[in-house]
Every structure is written in structure tokens, then in C-alpha cells.
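Before any comments, here is the structure.
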Amino acid sequence: MFSENTLWLMLAIFSLSASITLASDPDPVQDFCISNPIFGAIKTSHDMHYILPCKNSSEATTEDFVFSGLKKATGNFSDTGLAVVSASPTNFPGLNTLGLSFVRADIEVGGINPPHFHPRATELVHVVQGKVYSGFVDSNNRVFARVLEQGEIMVLPKGLVHFMMNVGDEPATLFGSFNSQNPGIQKIPSAVFGSGIDEELLQKAFGLSSKQIGTLRKKFDPKTAR
Amino acid sequence: MFSENTLWLMLAIFSLSASITLASDPDPVQDFCISNPIFGAIKTSHDMHYILPCKNSSEATTEDFVFSGLKKATGNFSDTGLAVVSASPTNFPGLNTLGLSFVRADIEVGGINPPHFHPRATELVHVVQGKVYSGFVDSNNRVFARVLEQGEIMVLPKGLVHFMMNVGDEPATLFGSFNSQNPGIQKIPSAVFGSGIDEELLQKAFGLSSKQIGTLRKKFDPKTAR
Amino acid sequence: MFSENTLWLMLAIFSLSASITLASDPDPVQDFCISNPIFGAIKTSHDMHYILPCKNSSEATTEDFVFSGLKKATGNFSDTGLAVVSASPTNFPGLNTLGLSFVRADIEVGGINPPHFHPRATELVHVVQGKVYSGFVDSNNRVFARVLEQGEIMVLPKGLVHFMMNVGDEPATLFGSFNSQNPGIQKIPSAVFGSGIDEELLQKAFGLSSKQIGTLRKKFDPKTAR
Amino acid sequence: MFSENTLWLMLAIFSLSASITLASDPDPVQDFCISNPIFGAIKTSHDMHYILPCKNSSEATTEDFVFSGLKKATGNFSDTGLAVVSASPTNFPGLNTLGLSFVRADIEVGGINPPHFHPRATELVHVVQGKVYSGFVDSNNRVFARVLEQGEIMVLPKGLVHFMMNVGDEPATLFGSFNSQNPGIQKIPSAVFGSGIDEELLQKAFGLSSKQIGTLRKKFDPKTAR
Amino acid sequence: MFSENTLWLMLAIFSLSASITLASDPDPVQDFCISNPIFGAIKTSHDMHYILPCKNSSEATTEDFVFSGLKKATGNFSDTGLAVVSASPTNFPGLNTLGLSFVRADIEVGGINPPHFHPRATELVHVVQGKVYSGFVDSNNRVFARVLEQGEIMVLPKGLVHFMMNVGDEPATLFGSFNSQNPGIQKIPSAVFGSGIDEELLQKAFGLSSKQIGTLRKKFDPKTAR
Amino acid sequence: MFSENTLWLMLAIFSLSASITLASDPDPVQDFCISNPIFGAIKTSHDMHYILPCKNSSEATTEDFVFSGLKKATGNFSDTGLAVVSASPTNFPGLNTLGLSFVRADIEVGGINPPHFHPRATELVHVVQGKVYSGFVDSNNRVFARVLEQGEIMVLPKGLVHFMMNVGDEPATLFGSFNSQNPGIQKIPSAVFGSGIDEELLQKAFGLSSKQIGTLRKKFDPKTAR
């Protein structure tokens, strides 16, 4: 039998090995590579989802390729009235290495999905309920935006800032497809004001006073209880 | 002024140039590249959709990035009870070069989407209405299939044969996301029996008689009126 | 000293780690990466060949980059008169990560290579002996096929259904080059009729009776003794 | 001889063709592909630089592969004390298709490079003069930043927000290498407040009043004379 | 009717457009893209072969996908006893965009294929006749080489110097597969001594006298009649 | 507690796992992947630098993304007057998986960087001090070379032979950017004459006598003390 120390070292190896696979989102060289729940469990302190080591292909089951977690909105709405549930390799193992992921976003009346971008994927938004003002900004600071009706789709090019607002009078539901299994996300307000960038730099960048920056930093600092 | 012949030659150049762009589905090197309707028009004899030449980026409009054509099913159901509408660069210009496409599929009660595969993309199926038996076959001839309920999603790995059947008692509606702007498709029955492969070879491959192959070929030959 | 349990766990890690590398077929970032026989041994229950962990580059030998197993046909002909031997990273370690693989196919007089496709590679066929009817079907169900004479080559585009038949009066030998180290394969007859797809769906897809489908399923079910 | 109309149409074709090439930043399939100055001239209304059509390789000269325009800072400093000169395929034709670009950035004492990101490249910054506070924010809103001394380099991962400030008492000079010929750029202040995103959405996203947003929009609207 | 000048301009556009397509060797986004003979003809002054514009897919014929030009050796042996015939998109149009090419090399008794490398592809060598000493050098200057017998294959990793010598007593024939449609080639003797690199630099690099370098330059200067 | 044998086996696994990650240089699927010093240490017998396993992202520090080792030249000049220091994932962990590396090269007056090439990257050379004759050879054996002054940059296309010589009267300093984290290198003189390629083959390739080849081999054999 092996000791606890051995086990701990094993877990360390598992953990390191798990990280090994993060390097690429290209064509698969096998039919599929189902992420292993053991590794997923080890990585729970990360809130991002990566390419994960795969379990033996002979143990694959149909359930590995099906996901039921997007049937309804999570009740967990943010301050801005947004609730997002993702289907990614950590909870939908069959996606691993296949270069796709999927999210469900519900937005309360008047709620918003603040300006953000995905460093590693183009997104295709599909409005299945409600009226949603949706758009993105290109490299020349032009905005492309309008209200999407139920059944319409919009494409948000890779790496460009985009945003949504429920402008109808009922809750809105959207589904987003990404052409990466881990699109990544940077939410502008918290990335800029909630990350600890030097205050003087922010004042100069936005032409705001020390006090104004201080207010914004307090609002978006994740350590502040909200 | 230029003559009609010149114009014709111009169109020939356009047409050739249009084909030039077919070479790849990788990362874009610009924000977007909206396919030009002029070229699209020239290519109407193709039923596939490719990377197309792009119009000047300063002429991009919001409408280039939005598509409204999937709001309802086309009434155009196939023999097997299937109606598909695609959003691809030919009808949704903003998709061009961004590595994604999208389809709506409606299936009548008892209808099927016959075994087929997409040579250039993984597909993520999202059932928004109905009960759909859905699955795929891997390289070891194992089938992964089950009935999907409303709201469930399934991933169909790149290049593997898959299929669907509406097993509920109401029409079914699915949306499929692809991580290529031109996934391609080969429908097994018509690719094998409707394409003119040598009859003797087909007899030997399937262990069927000349008469049986003849019946199948007649059924799937697109030149036969059906 | 470590116990058997430890060793077993090690092998489990090896096995998992081995699967880690399956994710991609892109440009190498090193000169080569010779697959390690230890890992290969662990994976013998798989009949597919993947990117494998590599041994220390200082232990590479010339033999790792040379393969002698295609000198002659295996005597092991299939029902349809086909014998295939592959050179892949599992038996030819130097190929690992380099994006190429190679096969030898021998076909008896009148024998066939049934309709099949490779999800992850284009194939270039080189006829070194015999007369072989060879072709493929494109996405529009057009067939491109003719008899290849000795010394001719044919290209079979990525992911499209193709087939061969020895139409000469001597055994035929072909060599196939693939631009992936693991092209994958789906043989249409067994993928469709030997994989357990729902019978009703197959009846509707091919317009065949329950009895006819039953006959085909019996023929191609790998669990049936043949 | 051809008329002016013909010429105009030719230029239109050139212009369209020029856009054709924008699709990818992958491995070249030729030694090089020098961008053609004729096409560059046509595209002067764009301030971005793309993959351009190449001139006949037999007309390549050494000067196509050398660029002298980064010897000194442009005198053209922005409001925030930043002056940037780029070497890209539009002014350095030999770069075209080779997957690299390069910039020189000079920053006045106390000047800043505001928070921004490059959607299509990782950047490697090399400080050749001065002391520069430099950093980036990851997807978890952690900031990685410190003062770089002369001779130090820092890597800024693809698609993540980063920034710089000259914290020394002399002008600072940096060189940035990118692994794309067209990294793209979104400057957070102007992309968010200078692009015309709906005002209500911005109020909700940043928790700012209508008046505060109005002030920011006025500051970053490129149409405002500054 | 259009004038000769117009036609000339057309050809110039064709020629430029032809160059447009050289940018990449990635996954195709269409079934195939057959290079157009018109463009090929224009490019005859180039001895390299590139991705070429494609003809309308509805005009594709089986002959576009078959090549018969490797049935026998060209009689055209070099000074070192080597005769090479290539199958590339310029003479085998169906290869275009599919990421593969193929060559036949015949080597006289005692003849050699001098040290050279392919910047853009791994090569798989298949000896179909004769005994060939074959090998490559890795980044640590280790040589991996041995005599290949008939039927053996060897892999030569991407971008590494390799070489062959017929060490048997009959002519040797090899076939090489490449995982790029335009692998490129640099032959060490002529690239180094026949290209006009500064003489002093070569003296210092190889520790040879001015006279020795002069002799080598005379031998490998392609302008010298040999 | 585990024994030394266990530990040794662990290290073996680490070592193997470390090699697992060498497979690709494509887009990252995570923000970053900092190479783990433990693995780096194990691989010190290699003089090449690879993609390495990454440490837990929550343990990343700013120092992982900054490198100070290029501030000054190493005093370690080669026989030809060249001193090179690299920033690669082995000494600059933050670079790992991000597709870039960087070197500093110092050249003594009259010193050279002998003809060499990088199999896996394009290089962009930036002369920050001195006058450097710099150039490359293309696939048609044309040389593109001239003297670069301080502040000039030159691009050296992927996989093509290039070289430098300090032709000024002061030491020269250059920085090279690569679009791969492991560009690889083959130095022509030592790869050809110092690697053990068969002597007869080299005589025939260069038209040199056995004695001349012997002299060259003695000079470039790394086992010879120099």
C-alpha cells in the first residue's frame, strides 16, 4: 500500500499533468478525448476551463457527449441582472479538444451584460426569448449594434469588445456558441478597475480624478463584499 | 467605356478571384472580412458556401453581422421529414473568415436526418423543441446515441457519422453550431448510392445483389425525379 | 521500495498521461518526439494510434526513424480481399508529432476496399502494382473515379468518401500517404450497419424493409462471428 | 488602349482582391510574399495593416526585407505622452505573410500607454531606455505588473489588457514584437467611451451617472476636436 | 471588344491575383480547389509551386485528381547522379490546398542527393528499388543514418538537413511524401557557395582560404556553365 | 513515506511527462502556462528549450513574465566572435505556450554569425549598436543582404539560411524576435561537417577531396577540443 505522502505527490503530478494539456485548440488527432472527472475535481480552484487529460476511450459513454445543464437559467443573477451558465470541458467532458463551447445567458428586464471580450474565440449569439440590444466595437472604435428580436443571431468577432442589454419588457434568454473550448473572458469594468492597476495610470488613462478612480475601484474590487 | 466582352472577362476574374479565397479556415488577421454580395451572386450555381472576398471594411454595417433568416422553419421538408436552413457567409456576410456557422433544422414527427457527416467541423446540437433521438458513430463503430429532451445539447465530433430522428409527438426544432464557416456535408445514402460508384464494388461492399443495389441507386440518384 | 499498488497507480498515471498528448496535429515545436514503447504497450487495447509521450531525445536511434514492416503484404486478407498494414506512431515511433503516416494496401484480384473516409487527413494513393479502379465522392455527390495503372497517383481529399477495386488480373499493391499521424477511418458499411444505429432510422434513411436492414446488420455486426 | 472607366474598374478589382488576402496568419507556403505598394496605396483610408497581395518574387529586393523607420521616435506624441511607430506589411513589405510585426514606442516622463489589448497576438516588450511600469491583467482580474529597467523584457499574453507608464525621469523607449503581422488593437478608454455604445448600458456597467458618462464620452469621442 | 492593352492588364491582374493565394497551408475550407492552368502558365518563370487560384468546382474532372508523370525516371540526371520529378499543384492541379505533395527520385549507382532541407514539410521516404544510405542531422548535430533496403521507409523531420547516396549496384528509386503542397528546398552546397554570400564571411565560417572559397563558388554558381 | 526508488520513478514520470508537452506551437487555450522550474531542472542535459508543463496558474507571479538576463552580453564569445543569450521557456517561464522567443547576440569587430537557419520560426533582427552585414538566401539561391545601421530591422523568413558579420569598428549588438517558443537552429558548418555524415557523400556533394573533407570534419567535430 502507498502512504499519504505518496498520494499527495501523485496528486501533485496529476495536477501538473493536468496543466500540461492546456497548450492548444487545434484540430483533434483522435475522435474525441473525454476529460477525466478526477482531474476536473483537482482543478476546482480555477474558474476557467481548459483542455483536460482524457479518460480511456473505451470507457466513453453517451452521457459524456450530452449536457442537460442549460435547460433553465440559474437563479443566480449578478448586480447587473445577468445569469450565465457555461457548457465547457469541466462540466461537459465530451467537449474536450473539439474546439467548441456553449453558454446560456439570461438577462432581467433592463439588465446588462457589461462590455467584455473573449481573447480566444468568435461568438455567435442566438436570442431565443426577448429583445436584446447587442453589439461590438471594432479596432477603429466603430460600434455595430442594434436590438435583436427573438430568433435572430449576431456574430461577435474574436477578441473584440461587446455588450448586451435587455430592452424588452420580459426576461431575455440567449445562447452563445464559441469556436474554442476555452474562449476566456475579460470584463472591462472589473479588469480595469478591479484588478489593482496603478491608480495614477488609470487617472491619466481616463482623465478621472483620484477620488473618481477610488470610487470605481471600490465598486469593482472582487475582495469588497457585494 | 468598356465593352461587354471586357465586362464578361471582369466577371470571369471576379469568379476566379472568388475561388482564390477558399484555402483556409484559420485565425483571422483582421477584425472581420464581410463577404461581398457581388461575388455571392456569381457563385449561385454552387450549393456550398465558402470564404468569399470581403468588401471594404469602412462600408460594414450592423446588418452584416445580424441574420434573421432562422426565425422560422422553411416549409420545404424533404422526403424524410427534414427542413434545414443555414446561416453561412453566402447569406450572412459577417460570418466570413470568423470560423463559425449555424443551422436551424426542423424535423416532422417520425422524420429523420439520415446518417451523414461534416468533413470540416465539430457540431454542437441544441434541441429547443421536441424529443430527438440523436447520436454518432466513432472510428471503432460504437454508437453513442440517446433521446435528447428540450434544452439539452449534444456534441458530434468532427468528421464522424451522425443522425437524428424525431421520436416525440410534436415537430422538433434544433439549432446546430459548427466551428467552421463551411463544414461540408456527405449524406451517406446519396453519397454512396446516388453518386455513380461502380455497381460491382457496391455489391461487394454491402453484400447486396445487383437488383438490390439497382433499387437503392434509383432511389438516391438526384437525376431521378422525386 | 514501492508496492504493487503504487506501481499500479503509476501505470494509471502513465495511461492517463498517454492520453494527454492526443490533442493536436500541428507544427512540431521540437525536432522530433519519439513515442515511448512503454506507453505504446499500455495502449494495446486501442486499435487507433495517437500522439504518444516521447522518450528522452538523447536516446533516439536511427531505428526510431526507419520502418521495415511494409516490405510485404500481410497474409491477412479481409472478406473483401483487402490486406492493410499501417506505419503509425505506435509501430514507427519516429513519426510521432511529425504530421504524417503511411499504409500499404494489397488487394486480391476482384477484391475491394469498401467505401470509407478518413476524418482527419487527405490521402495520396500510389499504385505500385496492378490495375485499381479508385475514386471519391464530393459534397455534391459527384464521383471522381477511374482505373489507375501502375505508377499513377491519385489524391483523395480530406474527409470525403472513397473506395478501390482491383480490376486487373494480378494482385494489386498500393501505398497511401496521409498528412496526419492519425487520419482515423470510418468504413461506411460497418459504421452504418454494424454500429447499432436505431433500426427504424436506418429503414427510413435507406428506404429498406426491416428484414433487409436486419440482414445488413447481421453481416456487419462485429460481434457476429464471421 | 483602355478607358478611364476600365481603369477605375480595375482599381475596384484590385481593391477587392486586396481584401481577399486578409483571411489568415498561419504558416507561409512560400519563402516570402512581398506586399505590393500599389495595393498598399489603395488602402490608405484604413489605419490597420493586413496581409496584402504580393509582387512577383523575382522582383524582390533586399530593401523589401529591411526597415529603417524605427531609428527615432516620431515627434507626434499623444495627449498621454505616447508616440508609436509600427513596422507592418503596409510600410515594411517583406513582413507580409511571415507572422511577425514590430513597433517602437516612446513615452514622455510621466506619460502612459493606456490600458489596451491586441486581439491577435502575444507581445514581447523590450525596454531599451528608461524605467517603465508595465503590466497586464489576466482572466481572473489579477494584475501582473512592475517597473522594468533598461534591458529587461516582459511578455504580455495574447488578448489580455495591458498598460505602461514612464515612471523614470527621462524619456523611455520600448520595442514590441508581435507574433502576428496584424495584432490589432483595442484601447479601452476610446473603445468603451468613444465608440457610441448606448449610454444607459455604460451607466449600468460602470455605476456612473449620466453626466459622468457624458464627460467621458466627450473626452474620447474621436469626432471631438482634441 | 477589349484591346491588347486591356488584355495585358488583365494578365497583370491574374498574375498578381495568383500571388495572392500563396499565404497558407492549413486545413481546406472546401472539398478541393483545383489550380487553374491559365494561372499556372503565367507562373512558368518560377521554379517553385504555390497555392494557385482554383477553377470552378463544377468543371473538376477525374483527371484533375490523378497524375501519371511519375511512372518513370526523367532521363535528366544531375552532376551528382540524381533525377527528381515532382507532383505539385502546378502539374497536378487537384493537390492544390490539400496539404500534400509527392516526388520521385532516381539515383544512379554511386550517385547522391546532396545535403539539403525542406523549410515547410516533413518528408517520408519510401525506397522501392535499390539500396540507399539515407539520413538526417538534428539540432544537436547528431546524424541519424543507415542503408535502407527495398521496401523500407524513413521519416525526415521538418526543416532538418538530410541526404541520400545510392550504395547498391543498381539504380535506386525512391518516392517522397511531404505534408505541404510546397515544401520548399535549400540545397546546402549551392545555397551557401552559389548564392553570393560575402566571401570573407564564408572564409570565417568554414575556416577556408580565399582560394578555396573561390573554387567552391565557381563550382556552385548557377551562372557558370556546367 | 516513499522510498528513493519511488522518487526515482516519480522523476522518470516527470521527465516523460515533460516531454509530453512538446507537440505544438499553436494558439494557447488559456491565458498563460508558466513552465515549472522542477521540469526545467530535469531537462538540463538538453540544450534546446521546449514547451514545458505549467505550474498552477494561481501561483503565477510577475517575475514569471519578466526576464532580466539580456541586459548585457555574456563574455562567452565563440571562435567566430559571437555571443548569444536566449530568452526561452527554460529560463523565462512565462513565455511557455505563447509562441514567441527572443535572443541577444553580440558580435566582435570582424566577427560573424555563420550561415544557419531556424526550422520553426521567422526571425526579426533589430540592430541596437554597430554596423552589421546581414542577409539570407531564398529557395532559388538568391542572396538578400546589406549592411544594417543602428536602429534598422531586417526580417529573415522561416527556414531560410541566413548570416551576419560585424563590419563596423565597434562591437555590435542585435536582438532577434522569433514567432516560435523553440525556433530550433542548424548551423551549416557544424551540421554538415561536424555531424558524421558519410565522408564519400560529402566529397561528392561539395567536390572536395578526402583530405579537404577531413580537415573540415576535424574543425567542426564537437568532440575535438577547441
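By written order: A, B, C, D, E and F. Residues from 1 in each chain.
By definition in this document, contacts are C-beta pairs under 8 Å (C-beta built on N, C-alpha and C of every residue); 3 or more make two chains touch, one makes a residue touch a chain.
In UniProt terms, the chains line up like this: A, B, C, D, E, F = Germin-like protein.
None of the values given here were measured: they were computed from a predicted structure.
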item	value
Touch-network distance, chain B to chain F, counted in steps	2
Both-way neighbours, i.e. chains that touch chain E and touch chain D	B, F
Relative to chain F, chain with the most remote C-alpha centre	B
Relative to chain D, chain with the most remote C-alpha centre	C
Distance between chain centroids, defined by C-alpha means - chain E, chain F (Å)	26
Centre-to-centre distance between chain D and chain B (centres being mean Cα positions), rounded to whole Å	37
Approximate Å spacing (C-alpha centroids) for the pair chain A, chain E	46
Residue list for chain B, restricted to those that touch at least two other chains	2, 6, 13, 17, 20, 23-24, 26-28, 31, 48, 51, 57, 119-120, 135, 139-140, 142, 145, 158, 160, 184
Full enumeration of touching chain pairs	A-B, A-C, A-D, A-F, B-C, B-D, B-E, C-E, C-F, D-E, D-F, E-F
Partner chain E, residues of chain F touching it in the complex	47-48, 80, 112, 114-115, 117, 119-120, 133, 135, 137, 139-143, 145, 158-161, 163, 165, 184-198, 200-202, 204-208, 212, 216, 219, 222
Contact footprint of chain B on chain E as seen in their complex	1-2, 6, 10, 13-14, 17, 20-21, 23-24, 26-31, 33, 36, 51, 53-58, 97
Touching residues (chain side chain A, partner chain F) in the complex	2-3, 5-6, 9, 13, 15-17, 19-20, 22-26, 45-46, 48, 50-51, 119-120, 180-182, 184
Chain A residues within the chain B interface of the complex	27-28, 31-32, 57, 60-62, 64-68, 70-72, 87, 92, 94-95, 98-100, 102, 122, 124, 126, 128, 135-136, 138-139, 142, 144-146, 148-158, 160, 175, 177, 179
